[in-house]
Amino acid sequence: MSDHLPVLLVVVPLIAAPIAALIRSVRLSWLIACGASWWALYAAWGLLSRVRGGEVISYALGGWPAPYGIEYRVDAVNAWVILIVAAIASVATPYAYQSVRREVESDRVSLFYSAWILCLTGLLGISVTGDVFNVFVFLEISSLSAYALISLGQDRRALTSAYQYLIMGSIGATFIVIGIGLMYIMTGTLNMMDLSERLPAVMDTRAIPVAFAFLTVGFSLKLALFPLHLWLPNAYTFAPSAVTAFIAATATKVAVYMMLRFFFTVFGAAFAFDVMQVDLILLPLALVAILSTSLVAIHQQNVKRLLAYSSVAQIGYMILGVSLASVAGLTAGLLHLFNHALMKGALFMAMGCVMYRVGSVRIDAMAGLGKKMPWTMAAFVVGGLSIIGVPLTVGFISKWYLVQAALAAGLWWVAALVMVGSLMAVIYIWRVVEVAYLSPAPDGDGVAEAPLAMLIPLWVLVAANVYFGVNAGLTTEVATRAAEILMGVTS
Amino acid sequence: MSPVTVILAAVLLPVLAAGLVLFLGRWPNLREAVPIATGTALFAMIYSLMDVVRSGEVVRYSLIEVVPGVDLALHIEPLGVLFALVASFLWPVTTLYAVGYMRGHHEENQTRFFTFFAISIGAAMGVAFSANLFTLFAFYEVLTLCTFPLVTHHQTEEARNAGRIYLGILLTTSIAFQLLAIIWAWQVAGTVDFVRGGFLEGTASPLVLNVLLVLFVFGVGKAAVMPFHRWLPAAMVAPTPVSALLHAVAVVKAGVFTVLKVAVYVFGLDLMGELAVTPWLAWTAAATILIGSLVAFTKDNLKARLAYSTISQLSYIVLGAMLANAYGIIGGGMHIAMHAFGKITLFFAAGAIMVAAHEKKISRMHGLGRTMPFTFGAFFIGSLSIIGVPPAGGSWSKWYLGMGTMEAGQVGLLAVLMVSSLLGLVYLLEVPIRAFFSPPPPDSRRPDDVHEAPLPVLIAIGITATATVALFVNPGPFHELMTLLVTP
Amino acid sequence: MDDQIILRLAAKTLIPFILVFALYVQFHGDYGPGGGFQAGVIFAAGFVLYALVFGLRRTVQVMPPWVTLACGAAGVLLYAGVGVVTMALGSEYLNYNVLAHDPEHGQHYGILLVELGVLITVFGVMLGMFYAFAGRRSLDG
Amino acid sequence: MNILGHFNYWIVIVLMMMGFYTVISRGNLVKKLIGLSLFQTSVFILYISAGKITGGTAPILIDDHGEAAEAASHVLYSNPLPHVLILTAIVVGIATTALGLSLVVRINEAYGTVEEEVIHNRDESL
Amino acid sequence: MSTVIDITLLTFLAVTALAIIRTRNLFAAVMLAGIYSLVSAGLFTALDAVDVAFTEAAVGAGISTVLFLGTLALVGWEEEKPAHQPILPLVVVVLTGGALVWGTSDLPPFGVATNPVHESPIAERYIEESGHEIGIPNIVTSVLASYRGYDTMGEATVIFTALVGVLLLLAHGPHPRRVWEGDRWSTKWDDPQLQDEDDETLEGDGPFESDSPEGGSANG
């Protein structure tokens, strides 16, 4: 069975989704979702432990060898992303039970979990495949289910933000299709490895740079790179809490992965950075993203929105690492992929707990929660410290590598600006912490600590934030290995 | 007990004590006995490290490798032992004091207070024994964060604003400057492990090294070198035991300790002496000394005056480091201890006055010396130590610092030290003189039943005042440790 | 009312042909244009026509909404299931060669089954969507 | 020849851009979706154009499958792969449109309008 | 000859697209979009893509039109006049289009058999080998269901996802909200005019029924 692990990773959730939709019992469909995500985690770990040493797993779907059929291709890079997605899913799904019961009508919950699993399926499918058109198909599975999940928020603005996301996401996907089409017309192939062999011959045509540009714009839309991030704050703010925690921690990460895969594997770093000089665009955009959206985050009154803007800034950190186009920079970016998933997952889950008890996530609604919901707010503090980049949290590890990569590239001012971004994080996180701990609570609203079923997943993520901040050996090893693969460096 | 066990215990025992405090929250006497007992045991254990230091044995313990090449590690060296000795001695004393103070003041949330207090000590111990810049930075930040709840203890608007300034300055400087400097050092040198004589020499261009030194000195916000000193007066809204132990001893000394450690173990005195920016930093410290003293003059609030005095005195130590010679380091190191004992005595006294007479303003302390002779007597002794005159310990450190300026050929700096001492003479001694020799103001609405503070407070004041004098008679381990530090 | 009768009569005559045509499209897909997807759409169109002429309520009685969801799910499961079977038979996922003794027949069976899966899914989804939109105003049409 | 050889592509690009323009310039949510499907349909034409061989025929083997292999060498078939891709893309397109339309229906119920500007104003005033 | 058909159909498409942009009658726009699909289906036939043409006709002109009309029946038939002439979108579109024209200017010319797409071993294998590898004449079906059968499974999953999404949004009449009223749950229907995130109150801890018996699927 372990030979089939790459495909089983995707197919098991894919089979679970229709079953969950048909089952009328809320609990059973939730259990199916849990099972699917835990399976994914198991499979992801299996894949990662096989490719950690540098092995590449290739799986020919339908028995047709690449490039004639669709190939699943797993190396340390996507095994890493798959692990991130599966790990977050397997924590977020147990968490969802209570939260969803409170926020989604019970007669929709089965379908909700079906869409949830489909979203997971899509994200895993994108990450595991070695075929560019297959990317598009699974991208749409994850996107469509994400639009539907987001639209289920209680505020009516959930609908408009889902619509906005749908339009921008579809434009992005169509751009990607155009880019894939141009590449296909120039080479006649869709397999990533095959493309990477055939593209050099046609690199000096005009079509390939344009294909590159369209793919870059398409992925930037999907990963919410400034200034194409406009869909993200609304979507994260108004989606149901569990959905926000899940999607915020995974969807943009997978989009970053796709961008990496196309830049480094399909086109090759030499083309992307020496010919196209995409770093000249990405680096400034990343810096502007970090600074401007952190500034916007500082002024938010709704904490989920605040965290959403913070996400755009954090995506800036990842892209910053990518734009350095060095092993160190990519390591930083890939590390932050994982680390940011942990911290944002924890923060949004904490907000889900607040939503569950208080019914609002505005800052003024947090007054006195430090005492009333001590575990939830303590989790928020740890997650927040991680965002800030305090040592002994994962955020610090990311920052350490990112700054070091910037300094190694001689960009001391970039390193300094990264630090400024951290300081802005101090402000927006501490605004919340201050209100939670130093403002008196309104009397007698009977707010109590969130249920254990939500607290345990939340604290699993918090513990991971600290554990991987203290013992980053595994994460740095895999991220470095993945970065070396992308850069084509053999160690 | 092996040295490694001791340094591990030094970090962990206070944290365990914190857990126990939290657990025993409902039984106040038991709860407060925990830190006193732990602290005493801790002091005894750390004192046993003197032998290790004397033997010159290298003791390093790596807890965990965080990222490849960087580990969370502790080690034993003279400067750290000195800092740990001071902090561990004063912790139980301050706890004793806090028992009297907090109860006398009817403070709320005492369990939370004692818990974070203990954690802060653990963090300070971590700073003292850290074996590399990363570990140092980690504990430094933990110390910042754990003291935040103490600063904002009263949860008032004032406390909240103070907390913002406190955290704002300390985190800003540490993240924007210190962390950047640490990562930069790692980038150029490939290591962050403390090595006697430094590890930066020859790793980067002089320009980069100069920039690094500036980043380190200003990045240690806890050293309160101007213009990053505003957090210290702000932190005075905290209950007095916090001001006494943390903002006169543990937190601020963690700052200047870092500066000294960076000078000795990251740059090395030789390299420091060569860098163009070092004298400039010395003069920045000198300016802080003078301005701090002058501002202290204008403060009528006793704790504020002591805070500015602290700012001024901390820069003595920074100055010592920037002199880049053995005398400067010895003087700076000893001043960590001497200033600690002197200043804590002063803060204890200030708190005692607040508890017993509810007075904060110096201008309203006329005649109080007659009802509180013991407190004001101790205040007098503490003042002498800060000013640097016998028979108080402070005279030793000032002597060495003066020698250091001569050695460095900086007569101007010597003059600054002199002037500052004169200023101290005036602004500190004003308090006991008013208390003892002025009659009570006629409009005084002071209650008639003012008498000395509660007994635990007095015992604590007695201990620190006695120690201040004793350190003049015999500067003992502190002098020895610093000599060991500078003699290869 | 009279022309309604004519309409209904025409529809009643037409719908079976539409459904048969759908099946033709399905099974002729191997030889000419067509296949599961087109057949599914046409099949659904037959029911849509029924609903337009006879009203949603009667259509729902013939083909309840939950059946459409079940069809949508069942088709996907059938498709994915074929893959699982090939895997169980010791080959790659969706490698139809192992479904029969010789690869060519295996491919035939496999394609037949997965096209059937597509037909069922597409039929269910299209009709289900139509129900959802049309039912938005009221079930009585 | 070159101009003629690319004329096809260029009209397709004009079509694509008309759809794209409709999506990003129109305030009516339904119109946006019409534009989106216009955009996508035009991209399909780009793909299919690429698969065409002048003088070729639809990729359906004309002989009985026994002799298909030999037959294939005599007949020029257009490339089947783009067709397959576009079949998938069409389905994805309708899926997106359907989901978008159901969002529009719900937005209309929640706001009483499907004009972007009006919706924006209503939420601002909240 | 076929080039003439091509050009004619493409020109017709452009005119239709222009009309769609210009008209503010949504019914007309939907109908024109249907025509657009039909014409492009014709174009697909001319380009030898009969399967695609069939599907485009069924979906673009059929299902899609039905769904659009169903929506319009619910939301109204007229589009409002835009308040101002959108300049920015125009710039974006011109830039994008310009980039594409530039990029396609050295694309292999249309319809030439030596283009990489046709020379590629992949297409060659499909055309030459599928006859005996798969054994059915329609190569599109072979590729669709076998060579790239996994994509098609993804495609089936995509539309299933769409159904799930549509049902989540539309299956149960206007969005009801369940509110705990002290002793029991009651279903409240949103008043579109009165809803505010801040007003949302989720009262205390009500006894949720564990598995609602009526819960579940799409019985509309």
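Order of writing sets the labels: A, B, C, D and E. Residues in every chain begin at 1.
As a convention for this text, a contact is a pair of C-beta atoms (placed from the backbone, for glycine too) under 8 Å apart; a residue touches a chain by one contact, two chains touch by 3 or more.
Computed from a predicted structure; not experimentally measured.
J.: Apart from chain A, how do the chains cluster through contacts, with nothing moved?
T.: B | C, D, E
J.: Listed by label, which chains are in contact with chain C and with chain D?
T.: Expected: A, E.
J.: State which chain is most central when centres are taken as means of Cα atoms.
T.: Of the chains present, the most centrally placed is A.
J.: Measuring between mean CA coordinates, which chain is farthest from chain D?
T.: B
J.: If you take the mean of the Cα atoms for each chain, which one ends up farthest from chain E?
T.: Between chain E and the rest, the longest centre separation is with B.
J.: Please work out the Cα centroid separation of chain A and chain D, and write it as a whole number of Å.
T.: Their C-alpha centroids are separated by 28 Å.
J.: What whole-Å value do you get for the distance between chain B and chain C if each is reduced to the mean of its CA atoms?
T.: The separation of the two C-alpha centroids amounts to 79 Å.
J.: Rounded to a whole Å, what is the gap between the Cα centroids of chain D and chain E?
T.: 8
J.: Find the geometric centre of each of chain B and chain D from their Cα atoms only, then give the gap between the two centres in Å, rounded to an integer.
T.: The answer is 71 Å.
J.: Provide the list of chain E residues touching at least two other chains, using ranges where the numbers run on.
T.: Residues 50-51, 55, 59, 63, 67, 70-71, 74, 100, 104-105, 107, 115, 117-118, 122-123, 126, 132, 135-138, 140, 142, 144, 146, 148-155, 157-162, 165-167, 169-171, 190, 192, 195-197, 217-218.
J.: In chain B, which residues are in touch with two or more of the other chains?
T.: Residues of chain B never touch two or more of the other chains.
J.: Going by the touch rule set out above, which residues of chain A reach two or more other chains?
T.: Only 14, 17-18, 21-22, 61-62, 64, 133, 137, 140, 144, 147-148, 151, 156-157, 178, 184-185, 190 qualify.
J.: When you check every pair of chains, which ones turn out to touch?
T.: Between chains, contact exists in these pairs: A-B, A-C, A-D, A-E, C-D, C-E, D-E.
J.: Which of the residues in chain A end up touching chain C in this complex?
T.: 4, 7, 11, 14-15, 17-19, 21-22, 59-64
J.: Residues of chain A touching chain D in their complex?
T.: Listed in rising order, the residues are 133, 136-137, 140, 144, 147-148, 151, 156-157, 159-160, 162-163, 166-167, 170-171, 174, 177-178, 181, 184-185, 190.
J.: Which residues, counting only chain B, touch chain A once they are in their complex?
T.: Against chain A, chain B makes touches at 64-68, 70, 72, 134, 137-138, 141-142, 145, 149, 152, 155, 159-160, 163-164, 167-168, 171-172, 175-176, 179-180, 183-184, 186-187.
J.: For the complex, which residues does chain C have touching chain D?
T.: Residues in contact with chain D: 31-33, 37, 122, 129, 132-133, 136.
J.: Looking at the complex, which residues from chain E come into contact with chain A?
T.: Touch residues, chain E against chain A: 99-100, 102-108, 115-123, 125-126, 146-151, 153-155, 157-158, 160-162, 164-165, 167-169, 171-172, 176-178, 190, 192, 195-198, 200-202, 204-205, 208-218.
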